[in-house]
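Contents: one structure, followed by commentary.
In this document, chain identifiers A, B, C and D correspond to the written order of the chains, with residue numbering beginning at 1 in each.
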Amino acid sequence: MKTIIQNGTIVTATDIYKADLKIEQGAITAISNHFIPEKDDHVIDASGQYILPGGIDVHTHLAWPFQSTGTADDFVTGTQAAAAGGITSIINFTNPKKGQTLLDNLQEWKKKGESSLIDYGFHSIISEYTDHVLEELPILAEREGVTSIKLFMAYKGELMVNDREMYKIMKKAGEVGIITSIHAENGDLIDELVEESLAKGNTDPIFHAYTRPTITESEATGRALAIAEAANAHVYIVHVSCADALEKVERAKKRGVQAFAETCPHYLVLDESYLALPDFEGGKYVCSPPLREKWNQDHLWRGISSGLVSTIGSDHCPFRFEGQKTLGRDNFAKIPNGCPGIEDMFSILYHYGVQEGRISLQKFVEVMSTGPAKLFGLYPKKGSISVGFDADLVLFNPKIRREITKVKQYQNLDYNLYEGTVVQGAITRVLSRGEEIVRDGIVVGQKGRGQYLFRKKVANIEKTVTS
Amino acid sequence: MKTIIQNGTIVTATDIYKADLKIEQGAITAISNHFIPEKDDHVIDASGQYILPGGIDVHTHLAWPFQSTGTADDFVTGTQAAAAGGITSIINFTNPKKGQTLLDNLQEWKKKGESSLIDYGFHSIISEYTDHVLEELPILAEREGVTSIKLFMAYKGELMVNDREMYKIMKKAGEVGIITSIHAENGDLIDELVEESLAKGNTDPIFHAYTRPTITESEATGRALAIAEAANAHVYIVHVSCADALEKVERAKKRGVQAFAETCPHYLVLDESYLALPDFEGGKYVCSPPLREKWNQDHLWRGISSGLVSTIGSDHCPFRFEGQKTLGRDNFAKIPNGCPGIEDMFSILYHYGVQEGRISLQKFVEVMSTGPAKLFGLYPKKGSISVGFDADLVLFNPKIRREITKVKQYQNLDYNLYEGTVVQGAITRVLSRGEEIVRDGIVVGQKGRGQYLFRKKVANIEKTVTS
Amino acid sequence: MKTIIQNGTIVTATDIYKADLKIEQGAITAISNHFIPEKDDHVIDASGQYILPGGIDVHTHLAWPFQSTGTADDFVTGTQAAAAGGITSIINFTNPKKGQTLLDNLQEWKKKGESSLIDYGFHSIISEYTDHVLEELPILAEREGVTSIKLFMAYKGELMVNDREMYKIMKKAGEVGIITSIHAENGDLIDELVEESLAKGNTDPIFHAYTRPTITESEATGRALAIAEAANAHVYIVHVSCADALEKVERAKKRGVQAFAETCPHYLVLDESYLALPDFEGGKYVCSPPLREKWNQDHLWRGISSGLVSTIGSDHCPFRFEGQKTLGRDNFAKIPNGCPGIEDMFSILYHYGVQEGRISLQKFVEVMSTGPAKLFGLYPKKGSISVGFDADLVLFNPKIRREITKVKQYQNLDYNLYEGTVVQGAITRVLSRGEEIVRDGIVVGQKGRGQYLFRKKVANIEKTVTS
Amino acid sequence: MKTIIQNGTIVTATDIYKADLKIEQGAITAISNHFIPEKDDHVIDASGQYILPGGIDVHTHLAWPFQSTGTADDFVTGTQAAAAGGITSIINFTNPKKGQTLLDNLQEWKKKGESSLIDYGFHSIISEYTDHVLEELPILAEREGVTSIKLFMAYKGELMVNDREMYKIMKKAGEVGIITSIHAENGDLIDELVEESLAKGNTDPIFHAYTRPTITESEATGRALAIAEAANAHVYIVHVSCADALEKVERAKKRGVQAFAETCPHYLVLDESYLALPDFEGGKYVCSPPLREKWNQDHLWRGISSGLVSTIGSDHCPFRFEGQKTLGRDNFAKIPNGCPGIEDMFSILYHYGVQEGRISLQKFVEVMSTGPAKLFGLYPKKGSISVGFDADLVLFNPKIRREITKVKQYQNLDYNLYEGTVVQGAITRVLSRGEEIVRDGIVVGQKGRGQYLFRKKVANIEKTVTS
């Protein structure tokens, strides 16, 4: 049985054109100006709709233990939300326990992932340097298809590595074809600023922002890039939130560092003032790096437009308001750091980006799908719409207006960051390897149908990328 | 009758994948993992070959009167050379006579173009400001499909306009959807430097370079961008040759100017030292801006890689060595300014760019075809390989090594800029609207088969570009 | 007879210290911790006061015919105002008539200068290029001590030269030790923007600002610096008003251009909003370049502090409100361009600079006196307080607060730019070559006592500057 | 008894003029165009000579225990060498032992300093953070006149503090008027690069440079500046060796950080190639940061010229070749890090700076004396030649040529960095508080005559600096 999608407008990172699609055994086998369906074919009419590559979210924290709690979405609710939001692949972070090997930890996470509705892979977090770690890296890449790791420059005592450890890990990663993601904030400095703030009785959520000023992010970003340069390694700066940090990436790229930047939807449309909302409402917006002064947003959008930003990640790290965020009602430092995002990332980026004219529709596809696929070894199975690619597709009706609200969300949350926002366009269907997992905006795919993503090694990304 | 291309590897500005192509009535009607040809089908086997979108050269000077002479290629030899070199569309410059209207002039050029082997369009040069010009611009765009013009900041008395004229023309152009190309050199300053040099007896070709220092280009580039900003117009800086000028474009883009940069193959691989070759050999390399110090090349390549450079143009402005270049044997200022390029641009960019690892194959496609098509209103008929596009295709065998030499060229010239260079890869076939015009490297298309390109207006290029 | 100044605090561009001064025959002959005056000595008590080098204003337009009128101060009222304001030397602009030689014109101006109360020199404006001009330059420098000229990039038809002329003049100037001052605005572009504005009926003073956007200044600044670089000449950008133009100077300095920047008091403390004052009040603030958006001021102050700005000039180009500024009541383009400044420059810079902590007192001295003296060939007779220098001194009481008002001014004007501003500090006495010309804030010097300033050639200013 | 210096040319950071000087009780009491000496006066004829303020070297390591050894000069030989080299004040680093308080340590160093020939002060190094340190800072400043400290970002386990400690110390220092000097190299990264290098058998001195690439310096510099910004503290980057690090200082100054840069004579004239000299000669040139590629020198010189660099420090950290440098004959990591410089700094800067036209003589005075005096609280007793200043003076004959050689040096060393270099100009006499300590180039001052320098707190240095 084949699936035929008729009358839609296909969009890739470069092209927009009307054509019909044929899907067989989960993959796109033909694109034509007109297919005459055969009797048994499953025919989908995409008239008036865009057919976009499924979103790839390389920054998720499903089922993630953190600080005194854990994220509110597991691989079931989290991937339902993802699917509803046009995401067909995720790469989730692992989080090894003290003393646990990366490989042992990975097995635990692969187990967790089995309940996923969509395809899933992992970045291995390395929160503790040992020489053993260096020996595990080639095995991760070769045997497990885990070709990305993540290091933290903040959360000392919990996740943070020092510069020497960062260099050693990056160097080995570079040698074996692994890209290193960096959480770039100067943890040492932040810890002191937090302590200062609390000592003065400044405990409201807004002080989360004041104790993590942009300089703590841009400093760490510059440092990570310098170390990557010395280590001759690919480096990926996650969740760039401000102009200063982005400029550090730009300068590194110019001197030839294989450096890449991600930003997140909340940095593009929300700002620091949300943290000052009364009645602890600000607590909902606590994530790290914090939301920034509004003027930074233009720099981030321009970075997307110019190619300086390679990807959008949701940094989906959800905590419920009641019972989780409220842990920090009297002390911002106890608010779990993280915001939801996976379900609305696609809509937010389309609305504020494409609809409002900041980026082209092709650029939207590039940062939502093609860019992440190429950087993280999923290309050319994922990340575009061409013959031979997996039929991970989103049908999107740009004519519909809809309101974002917690009432309708799949996220296991009692609030939504964008509550009440009216956006242009709606996801009508989502296909994952040819199977409809969302129909009429309703998730219909079954949990556990997702497949593990064994990923390719990182290549010279700015240069030759071939299949 | 259909044409089927089997077993090739299709390349777009974003994707590389194996598939078969079906061509009907000059256009791509289907792409599939496998086509079973029917009896009458014309079948082309592309095993082991890349299938690339035909090159689009938006910078040609065929049949172009200039200085005391005229270019050596007309629309017959020039488009034969183009076809042999993988170019399936050109946009040639017009050159109005004193007192002639743009529209009258255009008709003359459209007449000239009728002998073309490949599809052709025109940029209208405006070398003389009159109020009448402003009235002609909307007619050019609406009725003639000429949606680009060109202004010169050099060649005073012949082509140069002043800043006020430039502003007025750009402003009107911006209003009616026309993009303005700029030859950015400070003609005033150059004229004086040339006079100084000749007065000192410095008459050799190398003084062509010394009297047009990079500062004359970067100054004019900055000025053109400032004027475009004031005029709220799209601006396209042709033949950027040096780091300083490119930086001006970068800074303008950052402040939101709709600015775009082109560079040329000779600036990427040749340098100033060629102008100092003995026995007047240097005369062959005289073009404007001149070849630069070698270190500039890295900046240009990085500009392509990062997206700062949007297109490669050949600036094909050919003069024979004997009888044309030699006019300036005793006085570099009498050497006709211009170099050939249309036949080798594709190969040079592939070899030094893709083969040597400076850019990806997708980026090659972007600057050779997709970028020019989008900027100059040919998209989405030209510029990519997707269903619905014209079947302008190049079959390219990356395994073959070949030598560039004047002996085998179609260009009507007695020399080749790259004589003796051995490059990787060879164009085996070229299709223009589905018709084979090059077979086994031999031009087989007929002159006069090219069609006039009626072009769309320029849109907000960095942002939403839709079909 | 000697003059002894006792108990004051002497300030130079580097030092602040308490000491007594001895003055003989117009010059400083000794500085001591204590002088015991002799019987006939003229003793001045400077207790509690700063003794500062007299201000040197290298940007004045006294008795200057311009546009349809002429400036309101001649050498009598203008130099009285200067003296009252702590200025002991001026360099005024000439303004040759069409067809007149620079030397003939200079004689006329030297005649005009004879009524001056303070020492005076001239910059020769070159508003018309002829080959003869190049021959006059060495004579100006050698025989007349005029070692600076000025060129305009705006006011086409009246003052503007083109790029080629600018280059030729700068080159010759550089060869003979003359520094070239530049009025950097793109006149061509401005003329068109003005015409556009008027055609739309936008005739209020604020449109003076809108039709001279910063880009017209920064473009021209960049161009002048590029041409100076090609010409290997010293260049001095007068009245830098905005961050963008200042950045051009900074970049030029970095690449080794002998480039210098002046700013004016009104750009440091007034802003564009003044041009929008109702009832044509805005007309009082019309000068070129126009007042800018307020945020530029920080960049100018920081430029002074860092050494990027070498001098403060008043650009004293005064027009009465009634009868002069009001010429443009119905058309901003008819408002004479220029603002007063010579009388209040010193106070404004002290108050907003030193008093409010933006610059040190030594830096104040540097930009008000030492810098201009060194750049314009008056050093080491003028510009500092050391043995051997002319006794051009200002006694300044930093304890007094006073209000600036037209009621008390010497300027021949019916308004004051800073009306009602209360500033800290007051000039109590001014000495010119040892003679008291201001006593208790009252001008007591006689007109005509000023001497012509025969100036030295410009040297390699950033490098070795010796006596 | 008075001292009269006749017929010399006095130079300050702003002025050069001929005058006579009168010295009484160690201070300058008068400057005059002519003094008639009285009978008992000590008269010095300075005809044909410059009279310059004594050099102030704020970066010395006399009697300094380091790594496995200690520096070769104590306060006797070191200050003899200093005096011979025109230095009349030093600020030496302390070096507390583990567990020792800063104040206890300071007393030990003050004791050591008592044998000094010239005036001396101390920067307290803080190599170990304890809360107690923060309590000592105000005492250091108030009671001891120690208004500068130093922190290291390298030499982990020995001297290095982490970012949090750096912030806390800087913050307190800023509050109490202490400036923080920073040794900015990323120690973590360097330690690993050194280990890598040694593991590969790369043990020659040149690997000292290769394992401390400029990125390790520029990264740390940027980090220190970011932390100083957060801490709102004055920061002084010692021994800036390369363009990248200097640019970091420039950018910090622009955003308003109270940041200052020092460079050293060896970075201005020597380069990385010296480390590759055969037969372990390279070992003589091992210091940290290492000598850099030659192109960096232009940036450093331009930084001095433009005011970006505030001071020249010798970083005199001398080790004998035999027995000290040779400790690392088989392992560059065992070569004591440090080079001599105090005796030749003055001559080297004059020759390569002033004589060769890179900087003015006034700028020489500024970075050698006035700048250090102002930054480190010695002004206005030290740092200039004006009435009331200490008579710390250097008589310098610019006509003499002389050769630098270890044979004639006072430094307790068996080599000289500049052996055989012929420089223009010679120091003939040096006065310290009016007393001749060098006569005819011979040190005649007695050890122990130096006085302890109780220093003022740091003020807003770029802004108002008054006496």
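In the analysis below, a contact is a pair of C-beta atoms (placed from the backbone, for glycine too) under 8 Å apart; a residue touches a chain by one contact, two chains touch by 3 or more.
None of the values given here were measured: they were computed from a predicted structure.
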Contact distance in steps, from chain B to chain D: 2
Averaged over CA atoms, how far is the centre of chain A from the centre of chain D? Could you give it in whole Å? 51
Centroid of chain A to centroid of chain C, CA atoms only: how many Å? 58
When the centre of a chain is set as the mean of its C-alpha atoms, what distance in Å lies between chain C and chain D? 39
Pairwise touch list, complete, is A-B, A-D, B-C, C-D
Per the contact definition, I'd like the list of chain D residues that touch chain C in the complex. 9-10, 12-19, 22, 29-33, 253-254, 256, 302, 305-307, 354, 357-362, 366, 370, 380, 384, 386-389, 460, 462-467
In the complex, chain D touches chain A at residues 162-164, 167-168, 186, 188-189, 191-193, 213, 215-216, 218-219, 222-223, 226-227, 229-230
